[in-house]
Amino acid sequence: MEQIDCDNKTTREINTALRALISQGETEICVRNPRARHNLAVGLIQPAHIVFEGSVGYYCGGMGDGPTIEVHGSAGWGLAEGIMSGTIVVEKNAGNGAAAAIRGGTVIVRGDVSARAGISMKGGTIIVGGSVGYATGFMMQKGTLIILGNAGMALGDSLYEGHIFLGGQVEELGNDAVVAETDSQDAVFLTQTLAAFGYDAARYDFRKIVAGRKLWNFDKKDFESWRVAL
Amino acid sequence: MCGIVGYLDKSGKKNGQLGVTVMQMLTALGRRGPDSAGAAVYTPRHDEAHILRVKLGDHGDFAERAAEVIRRVGARSAIQEQAQDKEYLRLVIGYEGTPQDLQAAIESIHPDVEVISYGAALDIIKQVGSPRALDQRFGLERARGTHAIAHTRLSTESRIDLSHSQPFWAHGALDLATVHNGHITNYHKLRRLYEQRGVRFYTENDSEIIGIYLGEQLATGRSFENALRSSLKFFDGSFSYLAATADAIGFVKDPFSLKPLIVSETDDFVAIATEAVALSASVGDDAPTWEPPAGSVKVWTVPGQADPEPARSRLAAASFA
Amino acid sequence: MSDLPRQSQVWNDSTIDDIQAKAELGRYRIRGFSQLRERPIPSFDDLTFLPCTLTRIPLEGYREKCNTQTVLGARFASQPIVNDIPVMITGMSFGALSYNAKVALARGARAAGTSSTTGDGGMLRAERENAKTLIYEVLPSRYGFDVHDLLAADAIELTIGQGAKPGTGGLLLGSKVSDEIAARRDLPAGVDQRSPARHPDWLGPDDMILKIEELREATSGRLPIFVKMGATRVFDDVRLAWKAGADVVVIDGMEGGTGASPDLLLEHTGIPTLAAVCEARAALEDVGGYGQMQMIIAGGIRSGVDAAKAIALGADAVYIGTAALIALNCNRPLYLDDYRALGTAPHHCHHCHTDRCPVGITTQDPDLMQRLPIDEAAERVTNFLHAMTLEIQMLARACAKADVHDLEPEDMRALTLESSMITGLPLVGTRRVFGGGPGWKRSTQD
């Protein structure tokens, strides 16, 4: 495994070193002493396996398309924001907006996340081993969010076609979020997806949360009256 | 918008690394707030004296004003220590009256004269410029004490000058200080309500209103924690803030979790900061860290005195010997 | 003696109509286009130029060189963008606009040597292929956001809001959320898309410092980063954009247009572009950023005259949106029956939100879009950009400037008291400045 030591390097130097190693074909990389630095491994569009030994700051792995990233510590805001594909695993906790607006890929936080995890998700999968905070899954458009622990207020507020599976308790569902029946396909999906990361789906009594679809359109009588309503 | 930090030594020692830790935290956050920096340090005393720090103005020669402050304070109480450096005058006094009376006596000297802090343990240092200047000028790294809160500022809507910098002492409330990241959006409305009742504001900075509210709550006999909790309903807008008294520190996180705040805690300390980089640079990465939930409040109290020796150093008005 | 009964100015035609429409709708009213205010607001029309007479010597209007090249993003980016002219096409979404409109704008801008900008919903491949210089918007919604498109762009525009509806998110009504648009935005077809007002991963200018750094890191420092904002607290916001490390700040005034917005926001939010550009320049001077961070102004720029005045007041470039669409054919007297069917007429149409645009610009209906053949439309855009450029140059030469960026506030006077106060320019016929201008150089609290 190639090593990069973050101490005494600027963020630009660390990211430049990562890109250089990856383009040389060195795709197993260990990054030491990240010390909660921001913006590490952002915008990487080639496959690579990167391990951060320690905690990272904001946007780690953001805007990526391909890498597998492990964080052996905690992460700040916007973990893996906007990724198209790839896998990001955080061993401890993550801050606000974890996996915000992702379009694909898988993001796992084994500890807790704070507010707005999965906000504006457009695809992909998020797994949280612990609990989630305020407005988790806000405006989720597509994709799946699996929460093994408890959820705070406004869970799944303003959902589109995203699905939330909740293993624990919820303080309050968000606007237009409703509990739906899980089916055998859901069970298979949960079993397989969670097993890949060492979790046993059978230990949880998952509830599925989807959109009630009442907020998808303005109330209107018919197109005619609505069209002239200027 | 800013970076805020807080630290409380749970081990009960008074002579640990408080100043060094606070400097490390502030320096790590410096980019988030390059306009001004300040710290509120709590160093308990073994006598009944109080620490009084006065700003003599923003520009000019302050010798005359300093002399007048000393004369007026001296007429009301014993002065154990005094030191002046440019705009700052720091006194240790044995005053027995109310903070309001003392403040009025001092601030009536000139509109630019302001009591920056007053308390049995509290001393606030702050100035325009980066965090490094706090050590260069005041020797912050040498500070000892039980707890501290501190702040680096990125000015949004109000001025950049000393009075507008944080931490804010809650004028009139012994030992009460606050640091705030975010923007109180009902500040003007609340300020008008307070001013109608005769409360004086010293700045146009919305953060100032937090201490005013808390001071009022504490004066009614409310507990520190309940005062913090009640502020969640009172303030509108975005806020992660820290408040401290002579023996406690607490945080409040707004109901929408709009501003970041990370807590790191072991049996020996609790450290709180806007970003984890500040914790990493000071207390390291090993302690558990978590971001408090939306709408949450927590308070930590200084434990009983484990170290009977008085604190061996103090922040200077000027740099120290 | 008039036979007409008296009418209240308070309860006039449009107010009565408005209340009764809401009594049917049970919600706010939505429409497209720009301001329809009955009372005029301060505007560039309140200023006039002072070309040379005896005290200065003009350049030959049709002959001597007048440079229009405009560099944007040199503060930090290693690859600033270089446009041939100081007029650019602003961000408008594929969704709000038709495919043909987006491609025509890109192609027309390229032929004029300038840039175009993506919009909500991401980048169209045809846009990238047809544009010389393409600016990629990163919006709160992140619909269609793709790192590969980011890496293929020439600049990044981090969009906080727009002049038409600051403090709120995008809006695209269900009839325009076609299968194609829905797929691009990862939404169910036919929903009334109301985008988030905030970015999902940062809140506040202190976080924005980190977000800008992320965008720089992702592009290895190559691309200029623009921060685009609706004109509200412009002085404070521009100072914060400087402190947050933007290369360019974009301010969009209240006259800014949109494909769909609640009517109340279009009319009653934001400040006029005239005031916004003055506040923005004062903010740049206050932080010492004037000349280092470029400023682009937008919002109701109608001609080279407006552009020249904006540049003289301190802008490095202007964006056009509505004007570019009008050059495409918006509100042109064609297909008159279709305007009528919408309940409007040419020169009055503001029905972009309905998906029934009679000239094929703001519609997803393929039949209507056929009315906007790309090449002819692109040529009209190029012609209009050329016309604007010639207008700017003519004014610059008359004021003895060999470079349009040398136009200064001192080349103009104010025609009204209000515009004198807003701009700090003397009122015509006097040497008197009534306020504004340099007064902004201090903190607002003095």
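Read from first to last, the chains carry the letters A, B and C; within each, the first residue is number 1.
Assume contacts are C-beta pairs under 8 Å (C-beta built on N, C-alpha and C of every residue); 3 or more make two chains touch, one makes a residue touch a chain.
Remember, predicted model here, so these are calculated numbers, not experimental data.
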| item | value |
| --- | --- |
| Chain contact topology (line, ring, star, complete or other) | complete |
| B-C against A-C, pair bridged by the larger set of C-beta contacts | A-C |
| Whole-Å separation of chain centres (CA-atom averages), chain A against chain C | 34 |
| Chain centre separation (chain B, chain C; CA means) in Å | 44 |
| Sites on chain A at which at least two other chains make contact | 38, 57-58, 77, 96, 116 |
| Multi-partner residues of chain C (each touching 2 or more other chains) | 203, 207 |
| Touching two or more other chains - residue numbers and ranges from chain B | 260 |
| Residues of chain A touching chain B in the complex | 35-38, 54-55, 57-58, 73-74, 76-77, 92-93, 95-96, 112, 114-116, 133-135, 152-153 |
| In the complex, chain C residues that touch chain B | 203-207, 209, 233, 236, 239-240, 243, 443-445 |
| Contacting residues of chain A [partner chain C, same complex] | 11-12, 15-16, 19, 38-39, 42-43, 45, 57-59, 62-65, 77-78, 81-82, 84, 96-97, 100-101, 103, 116, 119-120, 122-123, 139, 141-142, 160-161, 216-221, 223, 225-230 |
| Partner chain C, residues of chain B touching it in the complex | 1-3, 31-34, 154-160, 181-183, 204, 238, 258-260, 274 |
| Residues of chain C defined as touching chain A within the complex | 21, 24-27, 29-31, 141-143, 145-148, 150-151, 173-175, 185-188, 190-192, 196, 200-203, 207, 210-211, 213-214, 217-221, 263, 342-343, 350-351, 354, 356 |
